[in-house]
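Both complexes below contain chain A, partnered by chain B and then by chain C.
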Partner chain A sequence: MTRFGRGRLRRILLGAIPFLVLGTLWQMNAVYRWLAPIHMPPPAAVWSAIFTLQEGCPGLLDALRQGSGCLLTNHILSSMGRVALSLLVGLPLGIAFGVLAGIHRRLGNALEPVGVFANAISGIAWVPLAIVWFGVGWRTTLFILLNTVFWLVFFNTLLGVRGVPRVYEHGVLALGATRWKVITQVYVPGALPSIVTGIRMSMGFGWRALIAAEMIGGDRGLGFMLFVSAQEYKTEEVFLGVLVIAVIWMLTDRACLVPLERWTIERWGLVWRPS
Partner chain B sequence: MYDGEFAAVVGPSGCGKTTLLNILAGLLPYRHGTVQVDGVPVKGPGSDRGVVFQEHAILPWRTVARNIGHGLELQGVPRQERRRRVREFVELVGLAGFEERYPHELSGGMKQRVALARTLCANPVIMLMDEPFAAVDAQTRITLQEELNRIAIATRKTILLVTHNVDEAAFLGDRCFVFTRRPGRLKATVTIHIPRDRRIWKEVVADPAFTARRDEILELVRAEVRVE
Partner chain C sequence: MSSLSVARPDLLRSARARRFWRHGGLELALVTLLALALWTAISASIARPDRYLPSPVSVLDSSRDLLWKGILPNYLGQTLWRLVTGSLIGIALGIPFGILVGLNRTVSEMCYPILNFFQSISGIALLPIVMIWWGTTEKTVFVVVLYTCFFPIAFSVLTGVRSTPRIYVNALRTLGASRLRIVRDVLLPGAMPSIATGARLSIGYAWRAVIAGEMLAGRRGIGWMIFSAQQVDRTAQVVLGMALIGVLWILLDRYVLRPIESDTIQRWGLVQR
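Let's turn to the complex of A and B:
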């Protein structure tokens, strides 16, 4: 193994220690009963909650088709599907407006304060109003997500485009580029590291906001599952939900977003600063 | 300017040399007078006037080859033809073997060679150069000046170079336009009659035809700086 690989492995192992300690304490509680199972269900109960929730699910294919018995996977797919949908809509919109505001000085100056304003409000703060507007259901959760994704991507794109040196534009104009080519070949690639950072941030904030929105204003999804399970005192399902939320986020961030961010920044020859 | 001429604009800092070049490039609007290329008035930037900037204006996310071929790409030249012409200019500026590198992997002098090749590869009518060697070290600058001279011979391009470096102007220019201090006006035109193929630093420093002209320009420029 290379030196780099060994260092990386050591870091991962070091980072796993707190989890192992917590896990051990958790298992010890199951044996010694310091806390009642209703407050702190044993790991085995949380594990078996997966199968209880998936009881009516005939197989993997049905789970993917969101069959009626597959409760856990349905909630997961519902939450993740909304994230994907909000990205699909919010990303192009955020990038388009961000680029426009970035290259048009007046428009940029007009829209920048709104961007700061919108980003100052956490996604959850919109939930009560969203319920008034859209009622309980998918519209509310989607609105919360879209709101988070759009403003963060918009703002980061705007800053990214502004940070592109003017001399790049001048150089490409002198090669005979049209305004459109300047946008697609100078401003968008130049702002890409910043756009990717915006995507990563919006996913982080969006995921948190979504869970909260599903709890209060949703009728499905992991947040909704947490809320309903807690009301029915199924603590093991609440534990399971919390763990699933965290694991999904860690996997998305570490396996997709961080490498994507690192790749764009390194390729651009900018210094990668570990966050 | 004549066809195939190498003109150098010299003057004290802040006299508007760069502004003049940006107006010629069409990147800045002008209030009075006219700018024409082959009788056609300039209305904005265009591929007939290539520009090599002071800073490294090449795009950091494009490889050397894709930066050099950018102008042809914008003109819609087919890939095969593009590849052939890019190879030609990569070799002209001595960057063979570096085609797939990114700018951040290159030295300052190499980046400026890429910028030069990028401009030439788009085949402009005239090449405008704004202090192209200001950011590189003295040794590299001398090498690049001799290379630019070689390239001027090989391509027979019309070139306008803006510089505050009197040696550079005298070494490269057929005619040197000396500007006054701000607001910059044309003060004098110095013609230098040294054949291109004899413009090598080792030779010209011993050539009175060069040193006399250079000292003449130097005096003209220093007179402007002194008044301040």
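Let's turn to the complex of A and C:
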């Protein structure tokens, strides 16, 4: 398959049509005033909202240093920093505990309902309690995100490790492998497709939960920006925020998570399973 | 005859009980007890447990008042009603939409990116805009839940329809089947597994959207209950609401959504590709 064949070009061109139609309708609405600008701001206003928010920001370096004038980039960096931190902490913890629980059959059976229950209330339902514990601020939002990421990764790792056929473990053990070798050579590779699915799910649910948590219990971040702008009826900033949220998620999902998942399943997912 | 009818429920109960204990029932009971004990111990050892972590007993105690006044059933009913209406209408609109779009290759290639785009804007992120449009009304929550439900299901139906092997469609077409016939006999059964999986996923998203919508738009319901209880410092009610949210979702998932999904996959999912 060529990387940029005719089929791909055709798909891109066809896929652009609905976006163009929607954009045209949006612009026509700005010209003919079908809906009031406070309900549906014109595209130009959304575009200029970027510059209004970034007014006091002299340059790229200042934006990266989170200078006080760079409102938009600060909110973006703040949200994404929390995502990075929760991945850095939540992933290793989730995978480690998941593998540990998955190896021990009884422990796995015992911890499975805990995972089910934790996943059932993960995300937004924790926000009020997190506010009581940590107050309004970054710690609450980080807690919500970590909570979502950890339990989903833990649960999927547990299921993945349990699904690895015992034959492989026995085979490797019979060849004289140590316990550690069994974990790194059998359990983790065998569970990888499930782990990666867990990571993708945790990002999907976690990103949504983060936005919601920032609205209710945060003091910075994209969700907070949306909420404050909406309260001040700055609809163009709300639109900008929603677009930024969608673009960030699409880029992460399409450019990182989906290829990662596909590659893992191709590489490790199609092992033979004894019937 | 009479001895049989007496003996049978007994037999059933013991068989069911044995199955329960063998399939992790003992572990479940132990873990629940352990978690409750741990919770009690933590809440007994911290300062001001009423504010930070009320003990299980006081959480249960807080439900008495709510139950007696009829607030809790009312809130639960409202939340479930929002979830059911929003997600059922969303699914009922999303499935035909996905099939219609999936019928034609050009149309489906055209709509795939935009559906993907709207699917990645979560309903919760749209809530502030919808609140500017319609204020904190019932309509706001309903629209957000509908939106949250519609796009994931439409997207997965579209993917399901497109991944049905063309050879079946062509086979029916050479036998002279009409379009309607192809939809009914090939595309719909072929898309059934992805419809079921998509429905479960989108109801999962909708459940979170209902909770968030109640919190932010201030409509009475279980999400609103935990949000407002936090504001007046009644942490016991917050924990009670969280536990109810978890239990409700597990019941819904285990006894409604998952059986539907696994039955569907069992019935339609094992088609040769």
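Heads up, the rule we're going with is that the second predicted complex is superposed on the first by the 251 of 275 C-alpha atoms of A that agree within 3 Å, B and C clash if a C-alpha of one lies under 4 Å from a C-alpha of the other, contacts with A are read in each partner's own complex, and residues count from 1 in each chain.
Just so we're on the same page, contacts are C-beta pairs under 8 Å (C-beta built on N, C-alpha and C of every residue); 3 or more make two chains touch, one makes a residue touch a chain.
Bear in mind the structure is a predicted one, so any value in this text is a computation, not a measurement.
Student: Just chain B (first), just chain C (second), both, or neither: which does A:242 touch?
Tutor: second
Student: Taking the superposition on A as described, I'd like to know which of chain B and chain C A:167 touches: first, second, both or neither.
Tutor: first
Student: Does the superposition put A:265 against chain B (first), chain C (second), both, or neither?
Tutor: So A:265 meets neither chain B nor chain C here.
Student: Just to be sure I read the superposition right, which of the two partners does A:176 touch: chain B = first, chain C = second, or both, or neither?
Tutor: A:176: touches chain B, not chain C.
Student: After the superposition on A, what does A:77 contact: first (chain B), second (chain C), both or neither?
Tutor: In the superposition, A:77 contacts neither chain B nor chain C.
Student: Applying the touch criterion given at the start, work out whether A:106 contacts chain B, chain C, both or neither, answering first, second, both or neither.
Tutor: second
Student: Of chain B and chain C, which one contacts the greater number of residues in chain A?
Tutor: Ranking chain B and chain C by residues of chain A touched puts C first.
Student: Kindly classify A:11 by the partners it touches after superposition: chain B alone (first), chain C alone (second), both, or neither?
Tutor: second
Student: Considering only the touch criterion stated at the top, classify A:189 as touching first (chain B), second (chain C), both, or neither.
Tutor: A:189: touches chain B, not chain C.
Student: Sort out for me which residues of chain A touch chain B in the complex.
Tutor: 165, 167-168, 170-177, 181, 185-186, 189-190, 192, 267-269
Student: Across the complex, what residues on chain C touch chain A?
Tutor: So the residues of chain C touching chain A come out as 24, 27-28, 30-32, 35, 51-52, 106, 109-114, 116-117, 120-122, 124-129, 131-133, 205, 208, 211-212, 215-216, 223, 226-227, 229-230, 233, 235, 238-239, 241-243, 245-247, 249-250, 253.
Student: Under the stated contact criterion, what part of chain A meets chain C in this complex?
Tutor: Against chain C, the touching part of chain A is residues 10-11, 14-19, 22, 38-39, 106, 109-114, 116-117, 120-121, 123-129, 131-133, 205, 207-209, 211-212, 215-216, 223, 226-227, 229-230, 233, 235, 238-239, 241-242, 245-246, 249-250, 253-254.
Student: Where on chain B is chain A touching in the complex?
Tutor: Per the stated touch rule, the residues are 22, 25-27, 44-47, 49-51, 53, 55, 57-61, 70-71, 74-75, 102-105, 115, 118-119, 122, 128.
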